[in-house]
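Some structures to go through are shown next.
Both complexes below contain chain A, partnered by chain B and then by chain C.
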Partner chain A sequence: MSSIQQQNTFDWKKTLQIGLIGGAVGVLIAMVGMVEEFNKRDIIAGTLTMGWTILSLTMLVTGLFAARAAASNASSVVGSIVAGTIFGAVMSILVWIVDKYNIRDILVNASPTLVKHLTFEKGIPNGLFMLIGLGAAVGGLGGVIQILPENIRRAISLGLGIAALLGLLQEIIQVSLANFEGASKAVEWMFGKGTEKGLSLAGAILVFVVVAAGNYLWTGNASKISAGFEKLPQSSRKSFRWLGYGLLFLALIYLPVVLGLYLTEVVNVTGLFILMGLGLNIVVGFAGLLDLGYVAFYAVGAYTVGVLTNLSGELTLNLGWNFWLALPIGVALAVLAGVALGVPVLNMRGDYLAIVTLGFGEIIRILALSDFLKPHIGGSQGIVNIPPPGFLDVIIKTPQTLYYLIVAGCLLALFISSRLRDSRLGRSWKALREDEDVAQAMGINLVATKLLAFATGAAFSGLSGSILAIKLGTIYPHSFALLISINVLALIIVGGMGSIPGVFVGALLLAGMPELLREFAEYRLLIYGALLVVMMQVRPEGFWPEATHKRELHAENAEPQAEGGAA
Partner chain B sequence: MQSYRIKKINFTDVFMWVVGAALLLLIVVGSFLTLQEEKYTAVQWFDLAVFGLAQGSVYALIALGYTLVYGILRMINFAHSEIFMSGAFIGYFAASSMQKSGFMQENPLLGILITFFVAMTTSTVLAVLLERIAYRPLRGAPRLVPLITAIGASFFLQYVFRGLFGTHNRAYPEIEIIKGTVPISGDFQIQKIQIVVILAAALMMALLVLFVQYTKTGKAMRAVSEDKAVAALMGIDVDKIIVNTFALGAALAGAAGVLYCFMFRIVTFYMGFIPGIKAFTAAVLGGIGNPAGAMLGGLFLGIFESLGPTLFLDGLGIPAPYQLKDVIAFTMLVMVLIFRPTGILGERLSKTKA
Partner chain C sequence: MSLLSIENIHTYYGNIHALKGISLHIEKGEIVTLIGGNGAGKTTTLRTISGLLTPREGTIRLNGEDLSKYKAHEVVYKGISMVPEGRGVFARLTVTENLEMGAYSRKDTAEINRNMERVFSLFPRLKERRTQVSGTLSGGEQQMLATGRALMANPSVLLMDEPSMGLAPVLVELIFDIIQQINKEGTTILLVEQNALMALGIASRGYVMQTGQIVLSDTAEKLKADPTVQKAYLGME
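Here is the complex of A and B:
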């Protein structure tokens, strides 16, 4: 936000503007129904709901921005309090209108319940004053945070963030810790007796203090610790690293035992998205080819396995193959589809490519839905009765057994893509991403390089789809909507384009979290959309960026880039 | 420069030509067989063609928005389909409240005009806000960045509308004066609504052409799309022109939304996606960045899509060919991009291949 200039005088206009914008965002949050829906969930039991957390966060950010617009520390705080008050006032006007007039025919969420929530159940005049007061207080808090030194600010925000996250994930933590005898006392203290959701107040404060203090101390000493690590001889550094890998591996093996049925299922879904993300990361992140029809390969993999292994007797092909035989064919067909899509789009520039791939994804889905191919792949009824495969003596059916299959797939994809990244091919992809013409001039074979990117990406997606087929046991065309492609794209972007750890971060955030917070599924895409827009403005390189990409996006004298290019 | 390069004939080119020839053969054989069967009467073909023309007019109106913005910013405004949806949505509230109060029955013409006005204003305001908040800070960023922003904005807007107005289907009120059909001769007749759509779209496109050709803003728009830096040196406020372009495209999309809903009546939060992507196809088909091309592309796509499934696929014995109309549209998009990437009329900006 360097565009907001520091000014010497107190800027009323700017403060007013920021307050109004913040208030408008707050009204939007309330009117799309997020306050009401999210208030069903507590972050701190009995004290703070998730709906209020989101609203307060908006107030806090409003205060932060208002404080940034001011010059001196004192005027920062005053400015943020004013902006917060305006925020509260805008919200109060909304509440007043909703209370007085019935506009539910148009705005479905303008309900009496919303009024009750937003006035703290204190009735109209009193509740509104409280709302304005809260706006002023939280806005002012934002201003105070803004003028604190950088390291304290970071510690506080991290503490608040982790406390909120724990409150949100309370159920899961409780369930997974229930297996351990000793932990139950501590869990009860932190999360209450289990009837309420969210942290207990004491637990929340503890988490906040521990995390904030820990972060403060860590940022003070991080350089010392890493310097100490650097000082170690090569061999012992290596053994430390292997020790880390070993522990990680053990953790991976024991994870489903600890997590239980439901959470393993969540991990499995995340794993399938990681698999797809790693594939799309090659196409979009490494090679810079924006593919919006990525779900097509997922569908090809799933349908191939479905058609080859099913025993329903309703399709023309009734082979009943073994899954392990069908799997490589599914992947191979996905690769073939990748090449088939790749050939026509070889000469297309970036944005045309996006539309054509999107069209391709839709073609596959419509074909799967149509009556035309119904005898072969089931039409809108899909393919049912896909038998679970066996491995040695184990039948892979429960989430726990599937988990190992998915982890194996992810590890394979991880190995392949991390080896490819710095190989000759990987460097060619990156060259292609930066500038096609120059890449060609350097002797890179554009056709082969592009096709290999599509093929590799499609292979991972096909693998993911094949596993999906046995995971669900049934396949419907509706499982392959455009939204999947968008989801995978969003997770790559949020994680950091071209960054392999970024795929994991993105998948945890955008596939794992929504799976845990099922009741908010309605707002999933709204949040994704907003996240994409905000990420592109604030942090286009993603949360875990790839080094070169970050450098490129933050170059001081970045020229307007002309990529894509003619062939 | 491109065209002077001697091209080596390689495998991929041959492959594409084979695919193209096969598709062409399929179309010819399919059409021949369908016509030979004489399953459909001339009246039915006529109805399909008029329907296609009406639908194509709506596509053309939306396509203009894509093409205008692309001409200036070299960016696909993915969220344009949601601009279209927003106009239709808010227009619905105007139309249905006027219907309820009886105003629409008394002054149908004025009522329709008010509906248009409300829809176009909504779309315009939304587009201007979108440009200000989402796109303007990204000038000069790598090209993938605004494109991804636009995709995000599209989903954000869709689900904001869903959150605000709920998920149930709403139907535009039936307006008496545009109901029914007009006989032409014999069994041939045209639905009134289709006439309204075609005429309204034609009028709006004519106004657009006049605006772009003769007004000062229109000239400035053309100058900016030619070269932003030089236009700025000539004293044109580039940012203002960009906002104007967004507003102009959005107003057309809002009008298209109302026309679309006069035809199909149902308003939902996801209604923008398919027409949006078809309209983009139309814009590419005509040559993106070229307004006349967008109009032509829209009409062509509308007719192609309406006649295509029945004409090409019915004769081949494919059941329920109408389900595959989107496949036909997308296949055509791919084929056009392969064999004539500059579109039917040629892209005005093809030299500066970005």
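Here is the complex of A and C:
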């Protein structure tokens, strides 16, 4: 009886549950000190701090979930308001407790400052009512967004997201735009003057409106535009495409000049992760072999270049080779290591494979750290004095020069992996990922196919490691911790398993962003974990999924007519 | 000379002696069925023939050529193709992509396309759903797809492992009709089945397996009339 009623009426239990979970997340954010720490930074100068942005975002998502659980539009909005109110109430209880009792012995961040922040400096109880009201309002907003049509919803969330991102990165953008005469007026208007941080209110609204409207118009007309493009004759389509590539190429060449030293360094770090991501994407994404020791090949590449080129005089080998000679050897040794790992794990699948590869990664790191190999590769002191290589007359040492090397590496890896994806080998990997036995029965050579996956993946990682060696000039065993493997795997998952553009998105989010937001490095892993959990719940296929994976997880949308063009 | 002949094969899973000297032969153009209860070794026999398992003793010959020197992925090039137990479709790939994987061992595009048309004419349902992800097909459609995929290799011998498993009776009949049709078009079939009555209905000969051994072999007619077979596998008293 109750289940029938619940379909038409309001699901109190579910709403309450979502509100409480949201509130708990809010309490967690406050208690780990994120509100206080992040409030030092403004997203919109004088109006919205970063701490409040995160709290409101949590409220918004709570509202979204509550609305999603409801049956009709009206009950969606009511549900989201109720859930938001519960969120606010839970936070208020927290604030009240923190204010009344001193619990700082247990929870360091339960400070008077936090109370001040969370009550808008209006004191208790007025501030608490405001907090609850804010919860209801923002939660309700989430509900309204949820019931909007898909294209408007996407435009709004993109607009909010980009505005928040610009506010977050204000300092960096301002510094890099300062190089340009004439831009300063616009920058001043967008970001405010002098010591103010974050976007100006007008700037934020402008960004939101432009992005949201742009996205709305684009999604509305994208099919028309692409249809118009398809109608063009073959030759002019081709020239358009080449024009696009040309512009992209010019932008890539010109980028470090625009970005300046610091941002180029960030791009370089991201680039090294993209290289590794593209490699691991072949192993995990294409072939479905869960490799948790991927950092090993990175280490092999870096150490090979280090040993062959260094001039420290402390190691048994003091070859002082040219980097360009050492680089192919570094990649080749990484490939050998890939095959060496591949052979013993040929018959392993899933979790067993993960454990063995995990061990392999650790073995390489511990070998690098060991006294046994210390005379040759430096033990815990690592290898110092790796000279920067030259290319023609340029010495590749500054971030700007390294940038070109890394971009060249990424482009090569991008070319190879996109060609492989559509090749016969790529198809064998896919089949292997789905069912090993059947793949064999179709005529796919299991041994060769698996080893090729490991070897190709290792090659990209070895290349990345080789570049790392000259980028840092010194290498230590602790640069090759398990966390790197996890990072690379996480960026593939966030971007979308098996998706090549996904690697770029994932690397920007999980390698680039943390590099930009160093001041919040303390919370890096927490945000990481939260992001992964939310991803798996909301968008398990990743931000930029591969077509097949999307089909699997959203099978109900993958009706034949949707892909009729492929037939 | 038989098209496929198996002599005295012994296959092990680790220490477990799964096949204890199986011998059977299949003539060109036949449907031969292998029936028996759970754990009798039927699937193990098929997996041994297709090279996924290696026998410790015995020989498998196709047209007189010893297959034991070939690995699993090479056997398909020799002309043996398998419809695995539980269908084993590549769930994330579309119907067409699955069929293309079936033709992995072949290079001649025109031939492959002709073969795909043949599969589509055998299974019109697959043609309707060719752009659909195969994981979202019904059980019967997946069985059709697995069969079609195996045919894409253009085999001389088709090994079928329990095509009736988990299917509604009406679909089982449909699948068995198609098996007969495939056979009429020239493909020799080794059919492993628990549904002994259906299998003996379309086969010319049959082998009865029990705990890793062949206990009976005869024409399908005689097996159907055999009292022990009737009692043990046909559910008749």
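In this text, the second predicted complex is superposed on the first by the 541 of 567 C-alpha atoms of A that agree within 3 Å, B and C clash if a C-alpha of one lies under 4 Å from a C-alpha of the other, contacts with A are read in each partner's own complex, and residues count from 1 in each chain.
Everything below uses one rule, namely that a contact is a pair of C-beta atoms (placed from the backbone, for glycine too) under 8 Å apart; a residue touches a chain by one contact, two chains touch by 3 or more.
Please read all numbers here as calculations on a predicted model, not as lab measurements.
Student: Now for A:G161: first (chain B), second (chain C), both, or neither, which partner does it touch?
Tutor: A:G161 sits against neither chain B nor chain C.
Student: Taking the superposition on A as described, I'd like to know which of chain B and chain C A:D435 touches: first, second, both or neither.
Tutor: second
Student: Once the structures are superposed on A, label A:G244 by its partner contacts, choosing first (chain B), second (chain C), both or neither.
Tutor: A:G244 contacts neither chain B nor chain C.
Student: Quick one: is A:G133 in contact with chain B, with chain C, with both, or with neither? Answer first, second, both or neither.
Tutor: After superposition on chain A, A:G133 lies in contact with neither partner.
Student: In the superposed arrangement, does A:N347 touch chain B (first), chain C (second), both or neither?
Tutor: first
Student: Could you tell me if A:L526 is touching chain B, chain C, both of them or neither one (first, second, both, neither)?
Tutor: In the superposition, A:L526 touches chain B alone.
Student: Check whether chain B or chain C contacts more residues of chain A in the superposed model.
Tutor: With both complexes superposed on chain A, more residues of chain A are touched by B.
Student: For A:G220, decide between first (touching chain B), second (touching chain C), both and neither.
Tutor: After superposing on A, A:G220 lies clear of both chain B and chain C.
Student: Which holds for A:N445: it touches chain B only (first), chain C only (second), both, or neither?
Tutor: After superposition on chain A, A:N445 lies in contact with chain C alone.
Student: Starting from the residues of chain A touching chain B, keep only those that also touch chain C in the other complex, and list them.
Tutor: Residues 552, 558-560, 563-564, 566, which sit in both footprints.
Student: If you look only at chain C, which of its residues touch chain A in the complex?
Tutor: So the residues of chain C touching chain A come out as 50-52, 71-77, 81-82, 84, 88, 90-94, 96, 100-102, 104-105, 128-133, 135-136, 149, 153.
Student: In the complex, go through chain A and note every residue touching chain C.
Tutor: Listed in rising order, the residues of chain A that touch chain C are 424, 427-428, 430-431, 434-435, 437-446, 548-549, 551-552, 555, 558-560, 563-564, 566-567.
Student: Which chain B residues qualify as touching chain A in the complex?
Tutor: Result: residues 2, 10, 12, 15-16, 19, 75-76, 93, 134, 137-149, 151-160, 162-166, 277, 280-281, 284, 318-321, 323-324, 326-327, 330-331, 333-334, 337-338, 341, 353-354 of chain B touch chain A.
Student: Which positions of chain A touch chain B when the two form their complex?
Tutor: 3, 28, 31-34, 106-109, 288, 290, 292, 343-352, 354-356, 358-360, 362-363, 366-367, 369-372, 374, 447, 486, 489-490, 493, 497, 522-523, 525-526, 528-533, 535-537, 540, 552-553, 558-566
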